[in-house]
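Some structures to go through are shown next.
Look for chain A in each of the two complexes below; its partner is chain B in the first and chain C in the second.
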Partner chain A sequence: MTYRTISITNLNRLFEYIIESKDLFAPKEREDQPGFYRFDRILKPDEITLSYGTTTIPPKAFFFPPEETLFTFSLSDEGAKLNPELEEAPFVLAGVHPCDLAAIEALDLALGQPPADHRWLFNRRRAVIIGVDCTPDEYCFCGSVNTLNSRNPADLFLTPVSGGYLVEIPTARGLELLSSVETFEAGPEHLEEAETRRKEKTAQLTAAFNRTSADIAGVLESGGFGDIWKELASRCYSCGSCNLVCPTCFCFHTDDRFELNLTSGHRFRSWDSCQFLEFALVTGGHNFRGLRRNRVRHRWRCKFLHLYKEFGRVFCTGCGRCSRACTADINMADVINRLVHESENHSETRPGKEG
Partner chain B sequence: MVIKNFSSKPRAAFFDFACCEGCQLTVLQLDDRLLELMAHVEIIEWRQVMSGRGDKYDIAFCEGGVVRNEDVDRIRSIRDRTDILAALGSCASIACHNSLRNEWNVEYAIKHVYGENAGDFDLIPVRPISEVVEVDYQATGCPVSLKEFVTVFEHILTGKIYRPPNDPVCRECKQNDYVCVYEKGRICLGPVTRCGCGAACVAHGDACHGCRGLVDDANTDAVFKALEPKSRHTIMEQMVRKNRLTETDLMKKLSIYDPPKKPENGKE
Partner chain C sequence: MNKQIQESDFPNPEGHWELYWLPHQAMVRRTRRLASRIKLLKLEMSTKAAFSYFPGQFIQLSVFGYGEAPISICSSPENSNVFELCIRDAGNLTHAAHDLEPGDRAGVRGPFGHGFPMNQLKGKNILVIAGGIGIAPLRSLIQTTMANPGDYGGISVFYGAKKPADLLFIDELENLNAEDRLNLSTIVDEPDRQWPGRTGVVTDPLHEFKIGDPENTAAVIAGPPVMYRFVLMKLLEKEIPEDQIYFTLERRFECGMGKCGHCRLDDVYVCRDGPVFSYSDLRDRREFNEIKQDED
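Right after this comes the complex of A and B.
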């Protein structure tokens, strides 16, 4: 790994350079709610806030949009004609936090491996990603899921140091991009400053569970916890916000829409949530998770058990978005702690396995 | 081609029962797309826009609620004379504002509103059309969402079953990245309300008031839980406290369009 430093002025030059030839998306304060940020199209570098807290919608939306047309179609007596819809222009996504980098990496496993989701792969190849270090809030628990210092798949990674940023350059694409502006070799004092920052950041993490991913998977696999799921279900609205804001959720729903002419239309897909009543409803009318408590339970089992078994990593990056978004105050880290506590203290009284 | 169900150009009609006629007006907002629609159907009756009358129909769009005995006869007669009946909007599908009258008994309500002319009205408890006759298609909303109307229209003409969306408004709200109303310190019924409107009210800075009706398994009990002194519903609870809401207030908020059952325990 190569380390360089870049001044604020030169970083802004880099952003200007990017804007000249490509779309640049980065965190920007919302006009409709000051103090809130979202990844937005940037026209001038001073619109960017690299020291933002978090965004409601994660950056995965740039590779897997909330709703996208898969193809348009037209029907005639000669048959059906399909026109695939793919946006091709390359873009740069800047200001991605370590947890969100980890989420893109996780989705590269889930969507990028054969049989790959070709739209995900295609969009991923269009993008250069610039990461930036963050400041955790009370909902973040990246320290408990190994994403505190994630760098993959960033092409460049920025850590604030005096006079500018320390730049890590994990990829050749990053190196090429960075060569367009002046940077300096990083000295030991810069690395030290970044290290101090990391320590401070770790100390700021209040939400945590001190168990390994394997432990959590084991806890969930042991089953039971009926009372916890029941209690959560009594509060949960099944509103789906937790899944819709999650950077690693990848479930979607597909449907067709005709135009009023009834001969042309489009097929689209849009983000789905396993908390919705009809998520596991199948033809014939059976609903595999018709009970709210089973849907609640599924969210934890999906992220910390099923996908862990499948891909060797939990599909939760500790970003805290689900906990922030939940109007029923269902908190991801709290629930894990309750499960761990229950399994360690009451395992002998717990009822047997539940599907 | 795609039109499977009808041997010739289907005859369509629009009818209104007790309502504000806003759903019909919404359909008229199709403007020149109305001509596209008319390429597929022949409109033979639509009191709001034309004077013609029909006798038998292939498709009847019915707006409004059933509030008088004569409405029952009329909707039954339309049902008998049409192949497909589509409920247009919340009054026709889930009762909507009309049903607020059901909070009083009929005699009291009639006297209160019409005074000495009360005898001229043959009122009965308010019901949506869908509770009186069988409805084949349904588009809720106050007013109906134009996008959903087009979708329902397309489903009718291509012979497909239409399943109204059964996910909460939060779905569309999050997909559009709107700032959650709770962040602004107000109560939103989005988490228990059927989506399909694109979270229209949140998009325009308001909260969702639930005009599309409750989703099938709406956890309305959880809304009331926010009233409990030791509620863990921090966000809801804060709103309840800040706005000094009582159970009656919450019930009223929930009852404007689609009255839920009173809170009951033990449902998950």
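Right after this comes the complex of A and C.
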């Protein structure tokens, strides 16, 4: 790993250089909601805020949009003519926090697993990713899921130090991009400052799991949490906010839409939520997760048990978005700690099968 | 375990990445009404690319503008470019599919999933247990065993439906029965005056059936979820080994490739890892057991 330093002026020059030839997306304060940020198209470097909290919508949206056209069709007597729709222009995504980098890495595994989702991989290839270190708030629990200092798949990673940023350069694409502006070799004082900053960041984390993320799988597998799921289901509105803001959720729904002429249209896919009543409903009326408590339970088991078994990592990055977005104040870290507490304290009396 | 995505994993823009989502085109060759809301469609693939499948696999049928729906292939894979789908008019897409006429075109993605374990079934007596339209994927299996009679032991078909008119493919099954090529038991829940046969549920004839050698017997089951629990109890009672009881599971399949998440059953994607599972694979999966208990 090579380390360089870059001044604020030169970093802005780098952003200007990017904007000249490519689309640049970075965190920008929302005009309609001051204090809230979103990844947006940047026209001038001073629109970017690199020291931001957490965006509501995770950056996965740039590789797996909330809604995307899979192909367009036009109908005639000879059949349907299909045209795949795919954006090819390269872009730069800047200002991605470690937890969101980890989420992209997790989705590389889930969507890249054969048969690979080519749309995800294709969009991933278009992008150069610039990460930036963050300042956690009371919802963040990245320290519990090993994403506190995630770097992959960033091409460049920035840590604020006096006079500018320390730049980590994990990839050749990052090095190539960075070579367009002046940078300096990082001295030991810069590395030390960055290390001090990381320690401060760790100390700032207040939310945490009481067990390691690897242990949570075992806790969930043991079952017997019927009362907890019932209580959560009594508060949950099945609104799906948790799924829609989650950086690692990847369930989707597909459907067709006709143009008004009824001879052409498109097939699209859009983000879906396992909390919706219709999610596991089949033709004929059977609903495989018709009970809200089973849908709530599925969310935790999917992220911390099923996907953990399949990919060796939990599909939670500690970003805290679901806890912030929940309309019923259900908090991810709190629920995990309740499950852990329940499994430790009532292991003899709990019924093994239910929940 | 945590494999990083390599440059070589990315799709080549010149490559065939689009096949993931683009349906192939097929032409409707024949349509036949089987019951009041059920039609049989015979399709022929229009593409030159080889299309082959196994009994128990399903395809995603597109009627452009209406979307896609997963449909089991219900014909024998012997002539795979031409295949049949048995479709109940029950939703948006299936309603549009009922309007298709010979000469019309539809889209086909797939086939998806693993079918019935035909190799493991070889040499065994097979109990084929169907409920209602569940006969569709099993018809593909029955036709395959009929085409290769030396490969399998005796075939016994237990077929239950709500009403006599809901018994599909009954002529061809009765012909095979009359020719002694299989042993057919039909039963209906709500008989009409013309119904000459038995009244009850599919576990009744199964209960009476004498199984000489359970170790050498396999069962394949397709039907509504509520049927599974009772059939399973009966089969275990008759000492059929757990790994020789096969279910084909119905779920909401949207992508067919283990991505969209709708068909998840605990840690498996039913579309990708099934839809056929042995009971020994399902026994310890919580979400399967809950259906067995018919909790909902």
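Rule of thumb we're sticking to: the second predicted complex is superposed on the first by the 352 of 355 C-alpha atoms of A that agree within 3 Å, B and C clash if a C-alpha of one lies under 4 Å from a C-alpha of the other, contacts with A are read in each partner's own complex, and residues count from 1 in each chain.
Here, a residue touches a chain if its C-beta (ideal position, glycine included) is under 8 Å from a C-beta of that chain, and two chains touch if they have at least 3 such contacts.
Quick caveat: nothing in here was measured; it's all calculated off a predicted structure.
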Next item on the list: Return first, second, both or neither, reflecting whether A:K230 touches chain B, chain C, both chains, or no partner chain.
Entry: first
Next item on the list: Return first, second, both or neither, reflecting whether A:F258 touches chain B, chain C, both chains, or no partner chain.
Entry: both
Check: Is A:L75 in contact with chain B, with chain C, with both, or with neither (first, second, both, neither)?
Finding: both
Next item on the list: In the overlay, answer first, second, both or neither for which of chain B and chain C A:D46 touches.
Entry: neither
Note to self: In the overlaid three-chain picture, which partner chain does A:L291 touch, first (chain B) or second (chain C), both, or neither?
What the structure shows: both
Next item on the list: Based on the superposed arrangement, let me know which partner A:D32 touches: chain B (first), chain C (second), both, or neither?
Entry: first
Check: Given the touch rule stated above, what does A:S238 touch, chain B (first), chain C (second), both, or neither?
Finding: first
Next item on the list: Would you sort A:S270 into first (chain B), second (chain C), both or neither based on which partner it touches?
Entry: first
Item checked: If touched residues of chain A are counted for chain B and for chain C, the larger one -> C
Next item on the list: Kindly classify A:E20 by the partners it touches after superposition: chain B alone (first), chain C alone (second), both, or neither?
Entry: neither
Margin query: From the superposed pair, tell me which chain A residues show up as contacts to chain B and also as contacts to chain C.
Written below: 75, 257-258, 262, 291
Check: How about chain B: which of its residues touch chain A in the complex?
Finding: 1-3, 33, 36-37, 39-40, 150-151, 153-154, 157-158, 166-168, 170-171, 174-177, 179-180, 182-184, 188, 190-192, 205, 215-219, 221-222, 225, 232-236, 268
Next item on the list: State the interface residues of chain A toward chain C in the complex, per the touch definition above.
Entry: 70-71, 73, 75, 79-80, 82, 84, 86, 88, 105, 108-113, 115-119, 121-122, 124-125, 152-153, 223, 250-258, 262, 265, 267, 269, 272, 274, 279-284, 286-291, 294, 298, 301-302, 305-306, 309-313, 353
Checklist line | chain C to chain A touching residues, read off their complex | finding: 1-5, 9-11, 13, 17-18, 20-23, 25, 46, 62, 64-69, 88, 90-91, 94, 105, 107, 224-225, 250-252, 254-255, 257-267, 286-287, 289-291, 295-296
Next item on the list: Over in the complex, which chain A residues touch chain B? Could you list them?
Entry: 30, 32-33, 36, 38, 56-57, 66-67, 75-77, 230, 233-241, 244-245, 257-258, 260-263, 270-271, 273, 276-278, 291-293, 325-329
